[in-house]
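Below: a set of structures, written as structure tokens.
What follows is chain A paired twice: with chain B in the first complex and chain C in the second.
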Partner chain A sequence: MENIFSFSLFIDAFPKLLSRLDITLYIVLIALIFGLLIGSYIALVRLYKMPVLSQLATVYVSFIRGIPILVLLYIVYIGLPVLVEGLFHVNINRWDTLIFVLIAYIVNSSAFLSEIIRSAVAGVEVGQTEAAYAVGMTRWQAFRRIVFPQAIKIALPALGNNIVSLLKDTSLAYTLGVIDIIGVIKAISSNTYRSLEAYAAAAIIFFVLSLLLEQTFKRLEKRLGTKHVVSGQE
Partner chain B sequence: MGFQFDSAFFVYELIVAIKYIPVVLLLSVVPLAVGMILGSAIAVVRLFKVRGLAQFLAALVIFLRGVPLLLQLTILYLALHLGVDAVAPKYGLALSSKDISYTLVAVIGLSIHAAVYLSEVVRTALQSVPSGQYEAAYSVGMNSREMLYRIILPQALPVAIPLLGSNLIGLIKGSAIASLISVVEIVNATLFEANSNYKFLEAYLAAALIYWALCVLVERIVAVLEARVSVYGKGGVV
Partner chain C sequence: MIEIKDLHKSFGEQEVLKGINLKVEKGEVVVILGPSGSGKTTLLRSLNFLERADKGEITIGNVQVNCKHVTQKKILEIRRNTAMVFQLYNLFKNKTALENIMEGLIVARKMAKEEALKISHYYLEKVGLKERADAYPSQLSGGQQQRVGIARALALNPEVILFDEPTSALDPELVGEVLSVMRKVAKEGRTMIVVTHEISFARDIASRVVFMDGGVIVEQGRPEEVLLRPKEERTKKFLKRILPAADYSI
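Right after this comes the complex of A and B.
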């Protein structure tokens, strides 16, 4: 049994993998923040049906959502330097790989998050906005005070799922050479000539992280849910 | 040094990618079917709260949902290799790890992955039908089969079909990860062609275009099916 799975190597792998956890979390966080910003903009472009931009956004979202993240990573990694060179005559080939990985995950999550935001805002009845206008609110006030608080409640479960899949998707960042949790396994296996134990340890780490995220969102949903009921009774 | 997009090679890669669509379908439709059967079994065990088994399957589903597909495939691949090499000589089997097909490992791995997610789809769909519907069907004298086909499925399918569609799209895109355990599918096939001339951007763009086309196609089919099955859900009078 020892030559199939070595338990001591499995335990030894944890501290080595966890020392690279920050890179994985950093990718998730940056992709989430910028993905939300760009995703919101894309969603607004499509919701307010801005001419030309709206059609471009539709194609962008459909394309990004239709290709595997693995392919997207390489297209950004190889294609972005070519694009920048052609447009601005600047050579970015020497940029850190992590930057390309971050851009790829931002592009990916902006498309997915824009869909979540769009369907959440569309899920709030038009009557709510009309009522807000009727009491004299401006467009921005109506959105911020009336539509947004209702939309965030609709979006929350999908948002939680999306962050969990984003976390799991970061496992592909190693393909470009980023030394995150998965990337460090290559280093371990070149020392020990074995990798199954390290991969199993990585699976446990990802499972725990996903579980923590899921539980956090469940709590958040509950809190927002109850808050909504209480304010409704006032 | 300016970059020159080689459109002739891009078209050539598109044709290569199209030739490998059957492999992608093998890696997505077969896991969908296997996953649907296994997933339904898991869902039924969990809904009927079979003692012991239900808790075990619930834990398994929660665990596998938290593990990236890449790790599931890699672990399965490594474990099968090490396992076969360790066990085969003991029993005098003329089987070595080199005989294991990468594609088979990927199909098994993707099927397990699909079963986990589809069990949740089936559970959601069955739970979306109120229990009064089951009781009403029994009270008018239907047996289980009649109840399932006439009452439950017509109401559960409109819930399940969009979810099945997004799972199939997830599997199509997930099949690209099989390239990392050496399965020759669209990504590896197009890359292989680009190895000699380093035109990897054309290769990846061609692969992306085919994946996109496949996903859009699935979306369209799902929209048509959805319109057909939700006929039952429409309001009005008879």
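Right after this comes the complex of A and C.
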């Protein structure tokens, strides 16, 4: 049995993997925060049909959504320094690899999140905006105080799903040499010539994290749901 | 005072308003009647720029705009001189009944919170919903929602309140409570422009009835004149079609 699956290696793997969990969570958090900011901007550009920008945004979103994250990682890692060198004559080859990884994940999640935000905002009835205008609010006030809070509620389930996929997608960051959870597995397996135990441990860690996220979002939805019902009319 | 001069509006090829001229004095209750598609709702929505008229001049209180060259700032000024009650109520779904009334006062009129709270409670009581202050729109009946909608409009103390078919979406048994609140409002001397199919309301409350058809004002005058002794053929036809039903419901 020890030859097939070593429990001691399995147990030993946990502290080693968890010691790098912070990198994984860091990537998720940064990609989420900046992805939401940039994604919101892209969504608004498209919702308000700003000329030129709106077409650019549409192309950006469908392009980014169409390429695998692994390819995007390499394009950013190899392509960005070439682009920056060519445009600004600045050499960024020595930047920390993690920065390239973060940029790739931000770009990726901004495209996906912009679609979620866009459909959520479009899902808020026009009458809500009209009523806000009718009491004398500016566009921005109407958006911030009336439309956005309702859109968040509509977006919540999709947002939760997206964060879970983002979490799992970070497992490709190691390909550029970032030592996250998967990076540690690579190190363990080259030391012990065994990797199944470490991968099994990683599976459990990712599973538990996903479960926690799911539950958090469920609870969040429920809390917002009791506060006000967005859909449906009497 | 409200003055509309030569207002035009088209949706694509179709001209919906073909030069509307209308003057409404302070304290007047003007009811606009007309078949569907006559442009009455578009006229109402042009007044607070939820629709943008193509041509014409609108004066509401101390704000005058030429619809051809209008700035965002002017639109905001006009809107802050008006309030609207919607057919589908359009209460802010993420706010309680009380917050719905406060929202415009605090955000758009920059009123201090205590004052806004006092005013909001006052008007909520006025429409008979003191006990439902903390209810969200989804927890209120259609009639209750519309009464909050009216309170929201009243609280802003605008030059004019625009009513866009305020009872059309309500179940028949809920129409009465909304109409009786509107009657109360009218008797207080508020300036109102009301688009409605409620002939009884027009007959009892209106200081003037305006009949629209095909994007123009066909006829206007005191309710007993327009409703009982209409001069124009189109008005007669329209009234003949709807009056029996309306009389029956009273």
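Points to keep in mind about this one:
Operating definition for what follows: the second predicted complex is superposed on the first by the 228 of 234 C-alpha atoms of A that agree within 3 Å, B and C clash if a C-alpha of one lies under 4 Å from a C-alpha of the other, contacts with A are read in each partner's own complex, and residues count from 1 in each chain.
The rule we apply is simple: a residue touches a chain if its C-beta (ideal position, glycine included) is under 8 Å from a C-beta of that chain, and two chains touch if they have at least 3 such contacts.
The structure presented is a predicted model; accordingly, all values stated were derived computationally and were not measured.
By the touch criterion defined above, A:128 lies against chain C but remains apart from chain B after alignment on the C-alpha atoms of chain A.
Applying the stated contact rule after C-alpha superposition, one finds that A:10 touches neither chain B nor chain C.
By the document's definition of touching, of the two partners only chain C reaches A:141; chain B does not. After overlaying the two complexes on the shared chain, residue contacts for A:150 are found with chain C alone; chain B is out of touch. Within the superposed three-chain model, A:41 lies out of touch with both chain B and chain C [touch as defined at top].
In the superposed model, A:95 lies in contact with neither chain B nor chain C. Within the superposed three-chain arrangement, the count of touched residues of chain A is higher for B, of the candidates chain B and chain C. Of all residues in chain C, only 48-50, 76, 79-80, 82-84, 86, 88, 90-95, 103-104, 107-109, 136-138, 140-142, 145, 152, 156 touch chain A in the complex they form. Of all residues in chain A, only 3-5, 62-63, 65-72, 74-75, 78-79, 82, 85-86, 164, 168-169, 171-172, 175, 182, 195-196, 199-200, 202-203, 206-211, 214 touch chain B in the complex they form. Within the complex formed with chain A, the chain B residues making contact are 2-3, 62-63, 65-72, 74-75, 78-79, 82-83, 86, 169, 173-177, 179-180, 187, 200-201, 204-205, 207-208, 211-216. Chain A makes touch with chain C in their complex at residues 125, 127-128, 130-138, 141, 145-146, 149-150, 153, 227-230, 232-234.
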